[in-house]
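Here come two complexes built around chain A, the first alongside chain B, the second alongside chain C.
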Partner chain A sequence: MSDEETKGLLSPLRRKLLMGIAAVPAITMLPRASFAQTPATSAINTTGLAVTDTEVTVGILHSATGTMAISETGSIEAEKLAIEQINAAGGVLGRKIKFIQEDGASDWPTFAEKAKKLLVNDKVAAIMGCWTSASRKAVLPVVEQYNGMLYYPTFYEGLEQSKNVIYTGQEATQQILAGLNWIAKEKGAKSFFFVGSDYIWPRTSNKIARKHVENVLKGKVVGEEYYPLGNTQFNSVINKIKLTKPDVIFTDVVGGSNVAFYKQLKAAGIDLSKQALLTISVTEDEIDGIGGENIAGAYACMKYFQSLDNPNNKAFVPAFKKMWGEKTVIGDVTQAAYLGPWLWKLTVEKAGSFDVDKIAAASPGVEFKGAPEGYVRIHENHHLWSKTRVGRAKLDGQFELIYETADLVEPDPFPKGYQ
Partner chain B sequence: MTDNRFFNRSELIGILVLAVFLVVVLPLTLDVFRLNLVAKYLTYAFVALGLVVCWGYGGILSLGQGVFFGLGGYCMAMFLKLEASSVENTKIQSTPGIPDFMDWNQITALPLFWKPFNSLTFTIAAIILVPGIFALIIGTAMFKRRVGGTYFAIITQAVAAILTILIVGQQGYTGGINGMTDLRTLKGWDIRPDHAKVVLYFFEVGCLFVCIMIAQFIRHSKLGRILVAMREKEDRVRFSGYSVANFKIFAFCIAAVFAAIGGAMFALNVGFMSPSFVGIVPSIEMVIYTAVGGRLSILGAVYGTLLVNFAKTSLSETFPELWLFGLGGLFIAVVLAFPNGLAGIWGDYVQPRIDRLISPRKPKPEGWTDSSVADGAPAE
Partner chain C sequence: MFGDYSLGDLGSIFVMQGFAGLILFSVYVLMALGLAIIFGQMGVINMAHGEFMILGAYVTWMTSNFFQAYLPSLFSGYFFLAMILAFVASGALGMLVEWVLIRHLYKRPLDTLLATWGLSLMLQQAYRSVFGAREVGVELPQWMLGSLHVTDSIEVPINGVFVMCLTLLITISVAYVMYKSRWGRQVRAVVQNRIMAGAVGINTEKVDRYTYGLGCGIAGVAGSAFTMIGSTGPTSGQLYIVDTFLVVVFGGAASLLGTIASAFSISQTQSTLEFFMSGSMAKVLTLLAVVGILMLRPQGLFALKVRK
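This part shows the complex of A and B:
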């Protein structure tokens, strides 16, 4: 046990070291060969970012410690994988990507401090980072003030749009509406019970879901309950669910609370193969903690599942496991984090410059055909056009794809009629 | 020399050294980003200073100072947030003119208790009075019933937990777990650019020295001696006719007000306030700053806070995945090897050498022996 733990702690370091050693000959060989074809640094970097003739520096800013580390580690790993792959393919405008990793420590002000450090001291060309809405809200004023570029991976509540942020996860309407439509049509669902963690994302998501259920689906919300983050006692809400007998339980409980919630649901005799449950917050990462047997049968609505059957994903999953271990699982946000460095690279190449203003302007319309979730494109509002999918949890902790939208869903961070 | 009510000579030198360090050395050697970090660290020094008075002298261990830091910080943040939420800044909302998080939570009018925070004068008064009165209520309820020691510490923890849950739960009124972000101007003066950060830094250092002076005054007054006596033998002080409870309440209130000033400075310097400074963990961290600095030393509290936070930042920048172990190791080492913290190291090892160096020329430095007794220094 302890042996394994130390190994787990050391191995990323060792790997970094090995990667560094491996990179030495490559870097020393590079300049002569590549000078001729790469554009001059002065032309593509007019604002003093950390770009040299051979390297460009980006920041990775997630929680490596604290309560969020369990969720954010996947994002860190995905971003490092993407950077390694981009470097192996020749880098960005002939420059290898070097990254500086900072720890947000699950603490929102620390995120702001580290973001400032990355932008002011390290002059990074872009930041891949943040996870919770709270950390993004803390970092947002910083990237706007110092004109940085943030690639934010998590599905989130919307109501935000910034020149300095690319949102690679889905905003709430994108994620929720298609799933609700599907379950209403497929299961004939009319009554919904909402259970969520008590903060901005579940509250906003449920607000949107409620408007959609009441105004569009002509159904009824029979209950709406919130619990503090980290709560482990769900018995009272489970009793209410048993009393009201909703057609669908709609949940956005986050983090560790999920473990207690699904175990107690099962213990109370609610069989998810008969009672429809639609969650927008449980990915493969969470099931790792919940246990497949406790959640099998539940439906999840998001844009990516590890089991997706397409050529991009078939290459992505083994590459990820090769780098980070056979046992790792890949959830929706991890995949979205993987898109960050790629979208940035494609945008830089489209703009022909590392300048943040030019990247921000060039972002709309950038397409990434190699995304594991399938083709994505950046919208004028800096969110991604993406498909929404419904999967059903299986015993082994994976999702089986049940439904996906025919077309890409347009991101709409300020939805009319849902506010 | 001992006539001086504020400090004896070695203390005066100590304060001057700290002043030179904070006012001259740091601003000259650090860039604005690092200076702003120091400003952030120093906001905790206010809390540590309060803990020296309340815990070091009064012997009252409060594990809930985050509550007062938070109350002060939220008062300041409410004022700044209202100013940042002008109608033109919030045009995109369904109800313009109210803070963004209220709009997200379907609140359509500014709640009543927010309205007075449109006034800066009221806000400044609230920063001092709200935590002060809150501490007075807790203190009266506890100390009048002779609740002390561990039980008091546990109750302060409970208060910290309750306040966090309250803030997180009432997110329409408080910003919830996100806190209050994107604070921009103070009476029209932009607090975000570099030059504003420098001005705020000096303003903060000024406030810190005022608080240091107050703490020094308390320590050298009769009041301070009663506090120390109370810590050592509470019953004797009570039998001598003093109202022990009132002195404890006073020390607790002073610590609360210092913490609140720190919180307000935090909101100004960092442009941010969130429930993550209110809860149990940050409250304990604040006690650690005091412990590392030496809980009996006013200046030690400032240095301890700076050292711990500096270690935190530099360790986490260098080892993003392992830094917590390093920091934990540092705490264990300090507490095991030097129970009186940095001030203890100074007093035990450095000061005697300096004394020996000077003593041939100045044979009788009487002030020092006097003060070490008054301090209730680590003799017992």
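This part shows the complex of A and C:
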């Protein structure tokens, strides 16, 4: 495929056309049209991956069962949508993407085992997968040992970088600092109360947030509280919040605890239209369970909201709903998961090869102009340059965009002065 | 740590913290009552207790949706009907499970642990297949949200008051049924000596089935009430199971009074400690205290004779 053709396929307009009106003809015509130029399999696959003259196999590895299925379902859906769209647009180097889905079952050793199965038995060209940091940490040695490529969608605590992983979500400094800056400036916030679930991501994120509040914003952290995962009783911490009267409640509570926390906050008479609350762990997906009326008024900082008003997102949201139902909502991680297959396709085309080493080397600088969140680019450290946005939760469970950074924020997984 | 606050502030915080402890107490009693009946009276280790609770929560969710769609004018009162339906649904499922599974295992109580654990996995997957993997949001009528404004700094959450009243009501009903009614006497007779109870003409199989159904039904009501304070998803039941067993075991298996005493002491310890340290540390210390006491007194706070 010539360079010009590749670019043509990437342009958002062309992509939309293919997705929408011309999806069916595209499936039948494009491969045939480009067949003559399709590079020989032996040339683009020198390491024995599952690539044939017409197909390439990738793996999807998430929890479809167990506790994490609540969160990971959206990622699976987004990845399948992206793969379908890529196939409708002609596939990757003239090859249709076939996927093998494995279930990590919310169990970290199972994730590692399934990753090994995908890489060793199925010889997949890439894995879209993992959600929690624990599952990623379990899979990491496997993809490094067997030289696979993992596209990881979740915003996470940073402090990691691997040749074999592309992190399509934000790392902690990218997500947090812009949000704190905004709320300090906008609300004149000086005192912060941190509430989080007790595991690595909230603890690392709060550490970064505390350093930023104390050293950069010259504010004060008046409380920092952690509750075990799955805790359902927050009345004590709510009382402490009432006692300390912070300008901002900063939260990274996750999972079922989230629902309990916001319901009890509301029941305790804390009015989020008056008390500023900034969360980094509530997306549209979580609000489904929390209920819009319990969280309306809260601010969230992340990189994507379903309500974003740009042409890419306006094509993405209906396509997602068409495939997965009118009622499904799309949160930050779901969008990041959608980027995985696209970034991989673009990188393969840039490298002109499915070989993992070549993809890893070609990744830095790969741009995706069609991302629902807007333009993104892969950094040398395999994370994404992306904007950070602050949204305000509304009664209907959607976010209203309040602020976005003017420029892309540089990913910095090993932030100096924040460790 | 109190130097920075005025006396008035502190006073109202202690009132509210006391209230938080009472709410936690009610929640513990409510979730443990069903298990206390099943584990305490029948000796069945019901690992699927949380899933019976979540069935109640899903029933509440469906009732809420039904009322919103067809009877919006009656929406403010739907919760009471939802709790009754939750009791019926979980109770019926409980009786079915007893008939299919549990009754074959009475002579092997430890195996009930494995069997009901398997059951809990099956129920979780069933919820996931039927209702979807994501959590659902149960919409509550307006009057159940928010708080009662007592003074400027003291606010009492309405859902907390609701749970407290409900717990009181159910506890009194259970105590009445168990200790005053004819059926309760039969249950206690079967617990104390199954063979003799059978010999004097008590239909022990029927008693077992209804006892198990009652325990599951109460779990369903608890699940329904907890939609006010917690999440509703396929695996939400797992959030409650550990605390529930803790309360029942600590209280002494066969004693309702023990369950209440244990819920009270655990909840008060927990919420007092939570005020002085972080939530995770409070939990650790509470658990340590419970483990320590159970080492000295393995039968729990209040021990009665259990089935041999």
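One rule holds for everything that comes next: the second predicted complex is superposed on the first by the 384 of 419 C-alpha atoms of A that agree within 3 Å, B and C clash if a C-alpha of one lies under 4 Å from a C-alpha of the other, contacts with A are read in each partner's own complex, and residues count from 1 in each chain.
One rule holds in what follows: a contact is a pair of C-beta atoms (placed from the backbone, for glycine too) under 8 Å apart; a residue touches a chain by one contact, two chains touch by 3 or more.
Quick caveat: nothing in here was measured; it's all calculated off a predicted structure.
When the two complexes are overlaid on their common chain A, residue A:Ala138 makes contact with chain B while staying clear of chain C.
In the superposition on chain A, contact is made by A:Gln101 with chain B only, not with chain C.
When the two complexes are overlaid on their common chain A, residue A:Lys394 makes contact with neither chain B nor chain C.
Touch criterion met: A:Leu159 reaches chain B, while chain C stays clear of it. In the superposition on chain A, contact of A:Asn121 is made with chain B only, not with chain C.
Of the two partner chains placed around the shared chain by superposition, neither chain B nor chain C is touched by A:Lys190. Contacts of A:Gln233 after superposition on the shared chain: chain C is touched, whereas chain B is not. Once the two complexes are laid over each other on the shared chain, residue contacts for A:Glu113 go to chain B alone; chain C is not touched. By the document's definition of touching, of the two partners only chain B reaches A:Gln419; chain C does not. In the superposition on the C-alpha atoms of chain A, the part of chain A touched by chain B in one complex and by chain C in the other spans residues 64-65, 198, 228. Residues 5, 9, 13, 16-17, 19-20, 23-24, 27, 125, 128, 132-140, 145-147, 149, 153, 155, 157-160, 226, 228-236, 238-240, 270-271, 274-275, 278-280, 282-283 of chain C are the ones touching chain A in the complex. Within the complex, the chain A residues that touch chain C are 64-67, 69-70, 73-74, 198, 224-228, 230-233, 235-240, 242-243, 255-260, 263-264, 266-269, 285-294. Taken in their complex, chain B has these residues touching chain A: 31, 33, 36-37, 40, 92, 94, 101, 104-106, 165, 168-169, 171, 176-179, 181-182, 192, 270-272, 274, 276-277, 313, 316-317, 320-324. Across the complex, chain B is touched by residues 9, 12-13, 64-65, 101-103, 105, 107-110, 112-114, 116-117, 120-121, 133-134, 137-138, 140-141, 145, 157, 159, 198-200, 203-204, 207, 228-229, 414, 419 of chain A.
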